[in-house]
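Pasting in a structure now, in structure tokens, and then I'll have a few things to ask.
Labels for the chains are A, B, C, D, E and F, by order of writing; each one numbers its residues from 1.
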Amino acid sequence: MGKGKVKLVEGGLRHDGRRLDELRPITISVGVLKNANGSALVEYGRTKVLAAVYGPREPQMKHILLPNRAVIRCRYHMASFSTYERKSPTLSRREIELSKVIREALEPVIISELYPRTSIDVFIEVINADGGTRTASVTAASLALAEAGIPMKGLVAGVAVGKIDGYLALDIDEVEDMYGEADMPVAIAPSLRQITLLQLNGVLTPGEFTQALELARKGVEVIHEMQKEALKKKYLDVKVEE
Amino acid sequence: MGKGKVKLVEGGLRHDGRRLDELRPITISVGVLKNANGSALVEYGRTKVLAAVYGPREPQMKHILLPNRAVIRCRYHMASFSTYERKSPTLSRREIELSKVIREALEPVIISELYPRTSIDVFIEVINADGGTRTASVTAASLALAEAGIPMKGLVAGVAVGKIDGYLALDIDEVEDMYGEADMPVAIAPSLRQITLLQLNGVLTPGEFTQALELARKGVEVIHEMQKEALKKKYLDVKVEE
Amino acid sequence: MGKGKVKLVEGGLRHDGRRLDELRPITISVGVLKNANGSALVEYGRTKVLAAVYGPREPQMKHILLPNRAVIRCRYHMASFSTYERKSPTLSRREIELSKVIREALEPVIISELYPRTSIDVFIEVINADGGTRTASVTAASLALAEAGIPMKGLVAGVAVGKIDGYLALDIDEVEDMYGEADMPVAIAPSLRQITLLQLNGVLTPGEFTQALELARKGVEVIHEMQKEALKKKYLDVKVEE
Amino acid sequence: MSVTPSAEFLIPKLKSDVIISMLGRGVRPNGRKVDEVRPITVIKNYIPNADSSVLVKLGNTQVLTGIKLEVGSPFPDTPSEGNLMVNAEFVPTASPVFEPGPPDENAIELSRVVDRGIREARAVDLSKLVIIPGKKVWNIWVDIYVLDHDGNLTDASSIGALAALMLTKLPEVEVRDTGEIVVDRNNRKEQPLLNRSVVTVTIGKIGNYVLVDPDLEEESLLDSKFSVAVTDDGLIAGLQKSGMGYLAEDELPLLVNMALNKGKEILSIVKALLKDS
Amino acid sequence: MSVTPSAEFLIPKLKSDVIISMLGRGVRPNGRKVDEVRPITVIKNYIPNADSSVLVKLGNTQVLTGIKLEVGSPFPDTPSEGNLMVNAEFVPTASPVFEPGPPDENAIELSRVVDRGIREARAVDLSKLVIIPGKKVWNIWVDIYVLDHDGNLTDASSIGALAALMLTKLPEVEVRDTGEIVVDRNNRKEQPLLNRSVVTVTIGKIGNYVLVDPDLEEESLLDSKFSVAVTDDGLIAGLQKSGMGYLAEDELPLLVNMALNKGKEILSIVKALLKDS
Amino acid sequence: MSVTPSAEFLIPKLKSDVIISMLGRGVRPNGRKVDEVRPITVIKNYIPNADSSVLVKLGNTQVLTGIKLEVGSPFPDTPSEGNLMVNAEFVPTASPVFEPGPPDENAIELSRVVDRGIREARAVDLSKLVIIPGKKVWNIWVDIYVLDHDGNLTDASSIGALAALMLTKLPEVEVRDTGEIVVDRNNRKEQPLLNRSVVTVTIGKIGNYVLVDPDLEEESLLDSKFSVAVTDDGLIAGLQKSGMGYLAEDELPLLVNMALNKGKEILSIVKALLKDS
């Protein structure tokens, strides 16, 4: 964070030509895998994330099960080729933290009480990393859960807001993350007005924080519409098949 | 495989004076350990392999057991001092693969249906490695199983055929493996005419493959006779003791 | 052991001014943690060791339990900052050995038959290491067990005797260990006249061994008195609180 | 893989109902006010072999932090910076539910949250850690050992890391002609390493109730936690929502303000404690 | 330790009887002929951060292969060669029986079979990977990620590795006077790295019946599998028998011939696909 | 974490009573005298690829020890010494209770006890292992493989390590101008590496009875064990009490004397065996 040697904003436009409040091109596909109960592929620009859901099911490790609800098992993993330098496939400390943070971003919306003594497994594979992988992961996981038929109070979508060259910018990519002053990933369940993921890596004034949160909220709303659209399309596709 | 800088065949003879279709001196001892239910020590030239069998028994890890048959557990391991450069005792990827390949070379002949919910454990320790360790392991494991009284459809024996300086050669050693063009380990249950292990590391024409397989078959038959001899000797020894 | 380049004894006094048969300043506090069933902090000079006891309780890993007695689980661990050069928090081979040696120093005095199918857990954290950490650990663990109300045949206390510049010396510190000729850690249950830990790292004549053991016995007796004092004090403190 | 934890300390339903109804009246079971931090004590230089160290007590929570300075090589991509490494160990002495072993996701999250606060606030100027540019730098190991767990380990650890860094002074070094580096730990630079203070403030949420610095009993009832890293000049240097619940969009300004106020308070307490003793 | 696996997908006895009787009539449950390979599709350059990459679908099996080129040191015993490393991950997205964790014996066997085919066919000339002889070479990481498992992972992975290597071109490098190596990934050598094509063909055996490219349902009935690495000039560059059963001595010529024919076919399909798109 | 083991070999109560009453009459179940060591055999150079090796049988206990000499770098704090590393593997061939995996606490304790005996007796002069001072030294790997377990693995391993070291001769090395080191394993120094012999003697205690070199059946009844490392000049070069019991203060002189006598005996047997064959 914050080398500050690279010019990130010029004439109100960012290094890739976007406005400060502009999302990257986002594409969403639901149901991309045959075996998983639910799956989704989400792209934020060059960031590409695959999520798959298995469950509710009975896992091998019985001792983790709970009598009053389903447990959520979540793994966020970056493929070796997803990063600029090859990453070892072994889970890093960062991946362990993000697996927890993403699980806790999904917990509030999953109605886990319906499936006691089962496990709902969320496997996320980052295929290409260009900033915003954790928020794209939440967006994808939420859709994979929906396709798997897991009852949810609402969809969750995520986006990061950054501070670059002193400006707040929506959906920052890796260059902006690396040379910018702050990166604040946010995930929101818009229909519930609940923030389920909130982190900040960098420094903000209290005022900037409020603005950044508002910017994230607007971005999430757009992505949330795309999520609903993707599920509707999936549903129509299924209809056609029938 | 295939540096090809060393002269491996001259005047029809190999670097150690053997003919192309000649096995190394082979020695077989059955019942070399007190605790194991069955054990065998097999030497192909300077290659020396110990196999021990425990079972059928109930293992600590109950979850691996199967309701309709015994599971075979197999570990192929090279002792640290067995190789030219000291080997770390931790299982390498090669050892993990060979443990599987050797287990699958024994599975077809073991009548595992007789012992449901048990485990038959085959532990192989390579004491000195000079080429052909996996095939010597199959030969030794097969004998250890026999001594342990595990019912088998037939004995399995193994040998490698190599291609060196353009010639097919039986029972290649480490130098021939390293500087030769191909190494094809084979294990056969001769009484059943079943090939239970077949790998190839190197390049062969289809014609060479057929010849190599025939060469291996002949080698295995000789070793198979020695196996039977060793068991008979063991049996007589036992008689004498009585 | 035994570089022997540093002068350790001069005019009958050691590098820190102690006599050969003199203990370092020892402080003992019992009941230093809120959560543990029993705890003690023991300092031998700059060596500082914390011990905590949980149990008798039912552990997660049921398979280790025994039908006729409690199992003792013991971990001796050095904090990363406890040593001169930072230590990796991963258990070293030395720590694995010492966990066993310390457990076996406690086993003889714990009346484990009273709590079948339970576990009594002894966790030792070396906070600062300046020689004698294993013996201070036994002293601390013994007190933590007492505070936890685990029935014992007697308290155990430990101390090391070293050979430095040819002299036997009580309670050697790290410098004396490093440049001395021998380090003999001893733990004794004085009321039972039982030696429950005895190791030697270095070379002694049979005569020196006998003297060293006698020196250790005297040191342990002093420490044992301090243990009883600390427990009495703890007991009085509790009284006052009531 | 992260798995939904079982509730670690089950509190009887009756007791939990009582506590929640108390919170409705603005009272906490331990008698504290909603925004009241537990008493903080700091024992300095607790570990002779560490370059600096503190034992911090936050109520009954005890955390021992030791700092080791090691001469090492810089990372290839930051040749003119030293390195700061924060590691947290949940020692099994601290709680009946801590098992020996490598740091779990909770310990890793804690150390990364503390690390990010220090790093992003530039509390330590990493460029001052260079010994020979591009070749030799100081590596700072901040090892946090949780000894006794009575709740809010994050803030106790953050206080520990801050206090230990405030006490840290680099040893004098001599670079010989041979390139050899001689470290003199008995002689240290006058100026302390730290150039900005930062501490996390953790606020717990139970339903609509919020409370600062939750203790273990309260933590067992929490829906979610929110940690804010606060600098001495009133900036936000890190955020982390954790736990199974959510933060309502409209309550965030309140939470952040509460954290900024409490952070200021904690920073003055720590500074005073370090001067005193 | 290798342990007899439990049958992963239990197929009802009735259904399995039906399938076997179909095979007796030369028909497969999926309607394929005995020697018919499933449709192959290849999406090129799927991973922007990889030096080359392909998403391969073999029927419903999906395998993603990415290649990373790294500047490294040669092994002491092969100073004038670069290194090729093949690694396979069975991603838990791919199957209800895949658990997260390091590669198990199946993933390790697969990667080693694919590796041996490439290595022994000298598909990549490792001596062309030298940057500074004895000091700096290219390391080629071939990472195979199985995303969706509908059978015959070996051939899908082998196609993926082949196709990704066909697309790989070494970046231009400049060796500075200081010995520093500057890599320009935007400028790549004209000539592709691959100089011989090789692909595995896997044949399954159920009793006396053989079938090429078994899908997941068929795999659950297999007694054994036989993988043959086939080069574009009709040579055998690797063999691997796997599974609990055996190969009969007299059926081997048939199996090898079938593999050689199918290998030729698959290699032309892959080449055509890569030219097309 | 060290955990109280379950009794590995349960001996029927009746049989155990019989054995203990025999011991009361000074007789062991195997007919040995209380201070009688089992027959020792040594097969030299059992492992062609090792620099030296022995297969030791102590009764029915079989231990294979191989020594590998490797050129390596000295540790920074001992620049003018080579390194000795002792590692023990409890091979699962040896006992129904040995499971494959990294050395457990028993294997680690054994290797460290053997290591300390050799190291403290200065059986190997580590300063003779220097090739280029401060830069290149010989590393000696002593790998102990327990193949068959019939009790007293410590002494069998200690004999194995001693005998293998007695057979070890350093290869001749040539240091080229380039700094390259050429090792000629076919030419070895005349003088053996070992300059003092040391061996452990283990005494078992059952109640008040003591017995040297306990076998597996006896071990299952032991309260505690006491291992004494004995040098050929009658010194004590290491002690280790192990097991769940204690040593009585007043019995120690007896135990140590017994060990010193037996150590002398074992050392002569081993020396004779190595000369013979």
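Quick note on the criterion: contacts are C-beta pairs under 8 Å (C-beta built on N, C-alpha and C of every residue); 3 or more make two chains touch, one makes a residue touch a chain.
Predicted model, so just to flag it, every value in this text is computed and none were measured.
Asks: Moving step by step between touching chains, how few steps can get you from chain A to chain B?
Replies: 2
Asks: Tell me, which chains sit next to both chain A and chain F?
Replies: Both-contact set = empty.
Asks: Which chain lies the greatest distance away from chain D when centres are computed from Cα atoms alone?
Replies: B
Asks: Matching A-D on over half of contact pairs, by residue number: which of A-E, B-F or C-F?
Replies: C-F
Asks: Would you say C-F or A-E is joined by more C-beta pairs in contact?
Replies: C-F
Asks: Taking CA centroids for every chain, report which one is farthest away from chain E.
Replies: C
Asks: Distance between chain C and chain E based on Cα centroids, please, to the nearest Å.
Replies: Here the centre of chain E sits 58 Å away from the centre of chain C.
Asks: Between chain B and chain C, what is the gap in Å from one C-alpha centre to the other?
Replies: Comparing mean C-alpha positions, chain C is 51 Å from chain B.
Asks: If you average the CA atoms of chain C and of chain D, how many Å lie between those two points?
Replies: Centre separation, chain C to chain D: 31 Å.
Asks: Tell me, which residues of chain D touch at least two other chains?
Replies: Counting only residues that touch two or more other chains, chain D contributes 1, 100.
Asks: Which chain B residues sit where two or more other chains touch them?
Replies: 60, 75
Asks: Between the chains shown, work out who touches whom and classify the graph as line, ring, star, complete or other.
Replies: Basically the chains close up into a ring.
Asks: Could you list all chains around the ring, opening with chain A and heading toward chain D first?
Replies: A, D, C, F, B, E
Asks: Quick one: in the complex, what on chain C touches chain F?
Replies: Chain C residues touching chain F: 1-2, 64, 66, 69-75, 93-94, 96-97, 99-104, 107-108, 112, 182, 184, 188-189, 192-206, 209-210, 213, 217.
Asks: In the complex, go through chain D and note every residue touching chain C.
Replies: Per the touch definition, chain D meets chain C at residues 46-50, 53, 60, 62, 64, 66-68, 70, 87, 89, 91-96, 99-100, 102, 141, 143, 145, 147-150.
Asks: How about chain B: which of its residues touch chain F in the complex?
Replies: Against chain F, chain B makes touches at 33-36, 39, 46, 48, 50-52, 54, 57, 60, 75, 77, 79-86, 89-90, 121, 123, 125, 127-130.
Asks: Once bound in the complex, which stretches of chain E touch chain B?
Replies: 1-4, 6, 105-106, 108-109, 111-112, 116, 119-121, 224, 226, 229, 231, 234-250, 252-253, 256-257, 260
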